[in-house]
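Take a look at the structures listed below.
Here come two complexes built around chain A, the first alongside chain B, the second alongside chain C.
Take a look at the complex of A and B:
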């Protein structure tokens, strides 16, 4: 009976207190969820092993004649192939081979947001009838990369699937690919997509989906997200050129040697060039040039500091809110205590023991906290960023926080 | 009201004014960080193709519309059109942003080459001089250090279709409802996309504001309780309930105003943060209205004995 009487008498204060607590804990939960993502983002793209010098390697066969002449010579292409293989084996550097292009996909299930031109200054082409497929097709955003690039940018799949890099072979029956996170509703793991890759029809088997927000440094932009891309892995090594596939392999080889060299910060560019020249001497391929890309390191450190500044900012606002909550609680608790005091006095005069009265009042407080948890829970269910691990953490913190207040209140009673 | 009770009220008012002002400062800094990590755009920005004159005329329901056009291949030099320049919150580490009715001015990052003439800094683009009025980036070293924003209507093409970037609240829906969903693309997020800050930050702000409102309500109720005795005596002495209420309300108004003054001064003295007049006024009004409403509620309850 006592509890119901108390609830009726102190209803507004009890509700106010529960609201204050639940609001603060919702804010705190969100802060924890944010700080976890900040950690993950820093570890993925901005850790110390990402602090490297980046150089871009491009071929210098810019004249159309020169280029086609080169591609018609099997001997030259073999040199190029061994040059790539030597680059990929690395020395004091890591070679990241990355290239993007429109990929015509037969009977594509997505809309125009996957179109190669979407979000660029090029126009969106949309669905069209493709002669090669004899069916409807769409030119989709696609990116190819080698294992080094994949590992350097710490790209991961949602289900933890791995690419069998050693088995990538474009002359085989199927090539495993990864799809950006936006594709999750369009295709399933195991689906086979038909794509026209450098004028060759490939059966691309979906091996997994990239984590949302997967990104690489590409075209001088550190925030190059892959969410609507099809990621095609490059083979580990370029095999010898065959007569029937010379056209395809020629284009592919050129695409593959265009990429970035990653070198430790203490490795001078002179040393790097020396390394490259040694590879050229061994393989006989000299038609390339190396460009320093200082933008990478600058963008990377400044982007990192933006993420860290954001964290500090959120931390300071959550601290300000915490202080506010503690002060408000103090006043509300006093208000409730004063109102309950008379009731306690009556119990005392009626002959109840001090312990009994205390126990009764602790029940009243329990109601307040239970209500706070209830409100928190109801709002939590509606949050889009639910995560059990963070929930456990914030629940633990809440119990500590509330326990501390609960105990101080208990002490108040002893004093009275 | 005893001295201790008045002290408690002042303390609570100070606390919630501080929290309210802190939430505002937070919002401003958050926006600066967001924009710096996203080439000055907000998360609502879109890429479109169309005619400048047509777009600026037909998207008249987007009050804070901004239209950008790239003047360099890498997108570092841009020209801007603003519908309302008071709503441009670019991160600047010195100088000021564009003001209404001003053109032929430039905002530049720290690495941009400029010239000085008679103590005035100029940026030269296509042999035309633009006075530099502010420097982009929260600090000198920033992702915007190579960026230039010009404010020159003459640099916008005439009627032909060209690529533009539009920014402003609800600009995507506004554009689609006028032009359809062709020729428009959502931009793929800046640095904020790496974390869930775009989700968490508005939630934190919302919870913070609710806390302030809840706190102000409590303060108002507390004023009502603490002053009940005094109010009763004054009524017995012949003052009408209305007069007593107005007297208390006047006192509360003065108190809230004084507290607002203290908080605003404290920010400017301790952290060199200044608030626009409109922000101070609206914060003051929100706080005063909530406190007075709660006090009025408590007053009526005491008078009617309910």
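Take a look at the complex of A and C:
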């Protein structure tokens, strides 16, 4: 009958209603998005894994001479390797080996935001000429970790690719690596990057990309984000030291035994030390010490409480907004319906049944909600936190449709 | 053509009391009638009777026949009946202010709209030059004639007019009556509720609502 006339007549009210709805949907979307991310964060950081004690294992070879002497002894390095292997085999604890040794990369495709010093107190070196490569290079943020650490922090790849942990071998032709999500536009899966790892040139094959926002607890930072990092996996076991690679393997072995021990809460530190001493006796390596890391637990519980408080606060806000939206739209709806019913009464006098008029008004309302959906969608496209929320959008649309039906029902109460 | 049989109608007053408005009311309109005036004092039920005749009010006891056939008293049936056979003119015109004159007249079509027919009806009520004029710019008499043109576009058998000159001055009233005369001559039947003696006098026959019934008046 007169959709265009209706739009023209009620335009300000229709736009106001659509805006109110779309803004509410956006707030609701952001709330769901936040709650999903919160759930993910809690699942990642605060699930059963957080109900643990964390200790830091560090070597005690602090004197340069002592350290150098140790590294030059193949026998000592073998003991160190055995110690690492035994730690990895576990017992009553899980050994998380993590280190952030920067990686000089030949002909690096990224900018200075990937530089080791970027975002820290250190200076950004940027690109430079590397004599070993004979080409331009850049010291890039890199993190190395073993399988235990990877699994403990529930790190996942975008495409679901997995690291062949058993096949990690720095003596091989290629080492599979994962890149942080920021690398998605720089490299592709299968690309080979040349990197200088502890003075050894490695061909690093891109096996996948980390999910955006992947993070670990590192250096007392609760969410140490890996989006700009190159993740190099550590092998499960250290094989025997070879003459040719003693220098490389010596440094690597020390880096690898520096990590965190995760133990159940009911396991006392005395029992843990006893376990470690047993490993030391078996392997012959004693030059380490154990540091309790209460900050981890304190920060974890603090962060968890902040997230949960925010969640409750946001839930309260969204509920209050929902009630507000219902009140505001009630008055807008009444306004629209009263104006609309002026025409409805004329149609009725001229011979249209109430049902026909209701059907027509249902179309008008559907346009209002479709407009709200359109505004929401345009804003959604511009959102930085876009996600797999197609299902949620469908739910929104259904809500709008139900709202339109509600409007029609509401009209039945208008007296004629 | 139209017959109401034993109509009982109860209304609820604003103070909550129920009052019998009609009791065993009968009404019959034969093709021989060209115009009928329904008279009565305020509150006697003139407008309610007109709503019943238009099929706008179906909450009453009794039967409604059209051309000998009983009509079902449900909204859809009555809407169709009204659409096909009845034109309605009210005291407050019921024109849509967001449309111009011809757009309002076009509302009267139930199916395919014809601009030519709309213009023809506007000419019949002597408003041929008002097509594009906004409703808000019309006088009361002009607005009433637009409403008549709108009622006419579908060429209904019966035109129901509820106090059609109630808000108009004498000169404009004469205008409207001359339009009604023209409609009569074209074969339309008019049923007019009024308390205006001149309008009643103009009609071919008169019925008075009295004691909950319709009584012929000379």
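Going forward, the second predicted complex is superposed on the first by the 309 of 416 C-alpha atoms of A that agree within 3 Å, B and C clash if a C-alpha of one lies under 4 Å from a C-alpha of the other, contacts with A are read in each partner's own complex, and residues count from 1 in each chain.
One rule holds for everything that comes next: a contact is a pair of C-beta atoms (placed from the backbone, for glycine too) under 8 Å apart; a residue touches a chain by one contact, two chains touch by 3 or more.
What you are looking at is a predicted structure, and each value in this text was computed from that prediction instead of being measured.
Counted by residues of chain A touched, the larger count belongs to B, out of chain B and chain C. By the touch criterion stated above, A:349 is placed in contact with chain C alone, chain B being left untouched.
By the document's definition of touching, neither partner reaches A:235: not chain B, not chain C.
Contact with neither chain B nor chain C is seen for A:195 once the two complexes are overlaid on the shared chain. Applying the stated contact rule after C-alpha superposition, one finds that A:9 touches chain C and leaves chain B untouched. In the superposition on chain A, A:30 makes contact with chain B only, while chain C stays out of contact range. Taken together, the two structures place no residue of chain A in contact with chain B in one case and with chain C in the other. Those residues of chain A that touch chain C in the complex are listed here as 5, 8-9, 342-343, 345-356.
Across the interface of their complex, chain A is touched by residues 8, 11-12, 15-16, 18-19, 22-23, 26, 29-30, 33, 36-38, 47, 49, 70, 74, 138, 141-143, 163, 182-183, 185-197, 199-201, 203-204, 207-208, 210-211, 214-215, 217-218, 221-222 of chain B.
Put simply, chain C touches chain A in their complex at residues 54, 56, 75-76, 78-80, 82-84, 86, 88, 90, 94-96, 98-99, 107-108, 110, 150.
Those residues of chain A lying in contact with chain B across their complex are 12, 16, 19-20, 23-24, 26-27, 30-31, 33-34, 37-38, 41, 45, 113, 118-121, 123-124, 213, 215, 220, 223, 225, 227-228, 299, 302-303, 306-307, 309-310, 313-314, 316-318, 320-321, 324-325, 327-328, 331-332, 335, 383-385.
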